[in-house]
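Look at the two complexes coming up: chain A is in both, with chain B in one and chain C in the other.
And then the complex of A and B:
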């Protein structure tokens, strides 16, 4: 699974995301401007947005897609290597959100310093959770691990609720926005996207260029074979779960940069993250970002042009369509290979 | 992908469990946010049956020593901060009644309150109501979240125990099914919209300003949809055209919604959401440097919450809101507020005030009935008029469908980051400022 990471696919994705963030107009407004709005309106009977508004939606779609991609990274990694569906992923994100809050309040330092702390803390927490709950039943049927991670979710969320209550919290950063020809790019979300791309690249390099990364990929490909060639699979599992939790910590850590949060927020991200993982391909990092962008575009343009929350129907239609047409996911390898 | 033969199986498993995740996540979301569900009424079955045994029933003969009020509120989960204070309001009303000598018509019988935690989850609304009835409650109150209240009122109906809604706005609770044991002192969604459209338009135009268009920002659950539907009728009736409608999903940012509003450029943006949705709206407005002429809230708790107003800052200064309220002109209301704050060391907001007022209605009905029997209390509720209450509305009296015939949602304006009642005149504590 993870061995199928395509360097070119990754680079293409990174390249596709970056210009959208750095130069939101990047020809987009101009492109939209070439559309004869009046004629299209007459033909379609709908009101087309101005190029600026269209570009604004585009920017938000890219920013949101990047966040979904980041949220899905840890989930896809743990499943790719261990075949464990980590229900507690959203709860780990929530722990990171409140870690950033507590660290920032306690030290008075910028939340940007708190994010690495949250990542390290979540790595340790992930390893502990793995050792205490998953490892003893790693060879049991998948349902058992699923239920255990669901239990971890309940414990973590209840703990956070008891400690912090359920009212929404925010850091009050007021990072502001970049205004590029009337298109606003909220800096909190921009930083989150940059961090997501850096995380993607760093994790990919780690997996491709280090011995440990190769061991993880080998374990993902064939657990028994990895054991035969001397890889300490239980250790790799612990490391993988820790990295997955750390990635959840990173995703949870950046969310307070642009959004208020509650203990329930992790679950809300998690549901879309499951869709992202299936869309992009199980175990595929670039796939997670492609899936994230697809969901981001559907959500932003759907909520702008469809009634109420009916864009959610589109999200799940895309999900079903991918399962029917390319069940291994857009960037996943074929199961028949 | 690798050659692991388990891959295809695993993929199917992932999809299967992802589906399970969706369902479980949704359930977890429901239980922790209380936002979930579609409102409506869902009913939850419940067995109903007897239920009336209550503390002691009895009309003739000896008066009971106590009458039990069941309080069904979210004491844990995302709504618990407000839910706990609502529960405390019920207890305070009973406590003050007991301090003044108890129920006069029952020879000084004391009121006691049993509390149940519905976690803001629809599936627990009826279950908790039944538990409270089984514990002897003669009358119930609750539940804050509309879907939960919908379920709880139907259980109370089956059991023949009266239910006085503390806070819940969805029209469907009382207006889709005929209930004989449910009553709502607060204005429901359509009344909120009527009052908002009328008082907002009047206040702005009387001051020589203009308002011609509005954009709706609403949370996409039964609560928000009810208000949206009512505003669709009431705003045009007051010569305000709706030029944009945008739905908000809990847990999202409001970036896209604010862009849509910015594109439509209405005179007023009317927000109907819980606290977090309003905070996200304001954050997105700040991010896009967007300021409509009027930012208003219709049944918007954040606009009546001092800590939320401080959190949102200058963006909401001068904004308007319509909600039920503590009567700012009443000395007794001020005393109750002061006592609550000293007794429980927590804030007395509009939800707490309305819950206290609902409990005042319950107490008046018990006094009127002179009985702890649910049937007698229900009969009393059907014909009661409660003049001496702390809410900013005329005397409370119920129509056949259980709605308060005189329900009113006054208009507030945010002045110096405090919500001040500015209309109607009889409840106004200050003038509108522009």
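And then the complex of A and C:
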């Protein structure tokens, strides 16, 4: 039950509802209350927190940062290789969330079996989207691809909304938490972080150690050059978009482990994923996780010490600053670095 | 092909090449829009073919036509693709309703202050992004970030309404009662002509820019900025001017939105989707053209509203917008307004071929 009190990555509900009805601070304070009632008072009164509370926030920030890193992975890969900003990334995540829901309800199996299914489904969906909408205009001005992927976003989200409505859904998992000397580690998010790290390693190994991965990196470096040495660039693009969508599927698939979800959750993750990707450097894998951690820390500590969703203001200020001063990102570079 | 038809096409082609073609077409479409409230009630043999178009639908259509027209000045003419015009729309809406409900200031003054603020915010965004030479994706993301930033500022500052926003006060609380001075009316028809007036102003401004030296400078920046700079166009200043003008006028329909729909919340004016609704008509109608935003809005918004109202499935209208967006970008990136010319060109080349065969 603790998992439902996590600093909710989606504050849209909080923003839309009456003030104070569902603010993230309330969630954190409630959680802190279960840890240490007096410390929770201290947090609410904005004084120095006890080391336990601080450690608790730290753990939350790392967990959340890992998830943001995973969310940004597919986005940064598609950008690095084909120079396309995929606005449909969040919508693909939403499709994966509902796939996991339907799969585990239909089969009665654990959601951990549903996640691989969602990844495969999203890979196929990604290739289809690429072939039908991106491939014909891959050489057109960048805005055209932005508009088209936004069109895909609208269709996917509307489809999910029509099929499932816009009420929050959840898996009803009771994963519980580990208690490490007073610091709670919610297991749902822990699994998500482990999956994120495995995905990062697997994708990195695939890119570094296989011929196909080399072809993708070659295309990312120099599209024309790749064409000249005999790489089938359109096929590499289709594969890349498929993998990017599959990674969105993985990210969307793990979110139901620790959070209830709505079709609107995709937008929230999408916007913060843009921030993560730019902070880390468009196209950079390690950058995605560094950016994810930065956003995770701003969000968790920001929602602990600031009112409502004010931490988002900090996130966007950081975003704008990096865009202006160092648009190639803190760890800027292409997908092979 | 029948002779009469080919002559008509020939005459239309000649008309399109005249200098007065665009102003005439713009005037005709504005006159048709002015007549729309009556045209939709017109019955032929007991059936009103436009009866399904409600006045409310027309008002919404013109709101987005006006935003798209204003967006077009910056993004269509100058080529700086903004994905954050919701910032300017929202500033117009908020300044108007906040000043009216808190200080009982006339909404017209609120609108003026709001559009000035929007222009200044546009200058700030432009000064930063142009100074640091953000382009393409980076520029689009930066504009989006500036819009999202405002959304969270307005959500989290209680003095600015917080998450629940503002309600429009009653007209008698700050004026003598409903009327033009109060920016409030009892029926929908005056609202329609008011937003048509806004659209006319923005369209005339857009047309004037299109035909002036300023317009040529902006087009030059869009086509090749370095070349424009090389022949002496001060590109930085002109890009800033385009952003400021565009932002200023985007705030007008925002102010109208606040006064027409009674209530404003951060999610209704700053949301991600608003950024798209603002530019959607321009994309569909034709980026960088004067008629495009009007024609595009007349196609997209009624279709979306019709789908939404007649099937009562939430979200279906957004899916329709998505399909239209993709179809236009894939198959006709120059937009709907390019269709007549393309048609004429096609038929001309046909007839030329026939003539050659005959000779």
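Definition applied: the second predicted complex is superposed on the first by the 284 of 337 C-alpha atoms of A that agree within 3 Å, B and C clash if a C-alpha of one lies under 4 Å from a C-alpha of the other, contacts with A are read in each partner's own complex, and residues count from 1 in each chain.
Just so it is clear, a contact is a pair of C-beta atoms (placed from the backbone, for glycine too) under 8 Å apart; a residue touches a chain by one contact, two chains touch by 3 or more.
Just so we're clear, the structure is a prediction, and the values are computed from it rather than from any experiment.
After superposition onto chain A, the partners chain B and chain C occupy overlapping space and clash. In the superposition on chain A, contact of A:233 is made with neither chain B nor chain C.
Put simply, more of the residues of chain A are touched by B, taking chain B and chain C as the two choices. Judged by the touch definition given at the top, the superposed model places A:152 against chain C, while chain B stays out of reach.
Judged by the touch definition given at the top, the superposed model places A:212 against neither chain B nor chain C. Residue contacts after overlaying the shared chain place A:144 against chain C, while chain B stays out of touching range. When the two structures are aligned on the shared chain, A:323 is found in touch with chain B and with chain C.
Look at A:309: by the touch rule set out above, it reaches both chain B and chain C.
When the two complexes are overlaid on their common chain A, residue A:178 makes contact with neither chain B nor chain C. When the two complexes are overlaid on their common chain A, residue A:85 makes contact with chain B and with chain C alike. In the superposition on chain A, A:278 makes contact with both chain B and chain C. Mapped onto the common chain A, chain B and chain C collide along 151-159, the only clashing stretch among 79-87, 151-159 or 313-321. Looking at chain A, you'll find residues 79, 83, 85, 142, 146, 150, 153-154, 157, 161, 166, 263, 267, 270-271, 274-275, 278, 282, 307-309, 312, 323, 327 touch chain B in one structure and chain C in the other.
Against chain B, in their complex, chain A makes its touches with residues 1, 3-4, 49-50, 53, 56-57, 60, 64, 79, 83, 85, 87, 90, 142, 146, 150, 153-154, 157, 161, 165-168, 170, 172, 174, 176-177, 179, 184, 186, 189, 220-223, 258-260, 262-265, 267-271, 274-275, 277-278, 282-283, 299-300, 303-304, 307-309, 312, 323, 327-328, 332-337. Every residue of chain B that touches chain A in the complex is listed here, in rising order: 1-4, 6-8, 10-11, 13-15, 17-18, 20-22, 24-26, 28-29, 32-33, 76-81, 220, 225, 246-247, 249-253, 255-257, 259-260, 262-263, 275-276, 279-280, 283, 286-289, 311.
Partner chain C is touched in their complex by these residues of chain A: 12, 14-19, 79, 83, 85, 133, 136-137, 140, 142-144, 146-148, 150-155, 157-159, 161-162, 166, 263, 267, 270-271, 274-275, 278, 282, 307-310, 312-313, 316-317, 319-320, 323-325, 327.
Chain C makes touch with chain A in their complex at residues 81, 83, 128-129, 132, 134, 136-138, 140-142, 144-146, 148-149, 152-153, 155-156, 158, 162-164, 265-267, 272, 276, 283, 313-316, 318-319, 321-326, 329-330, 333.
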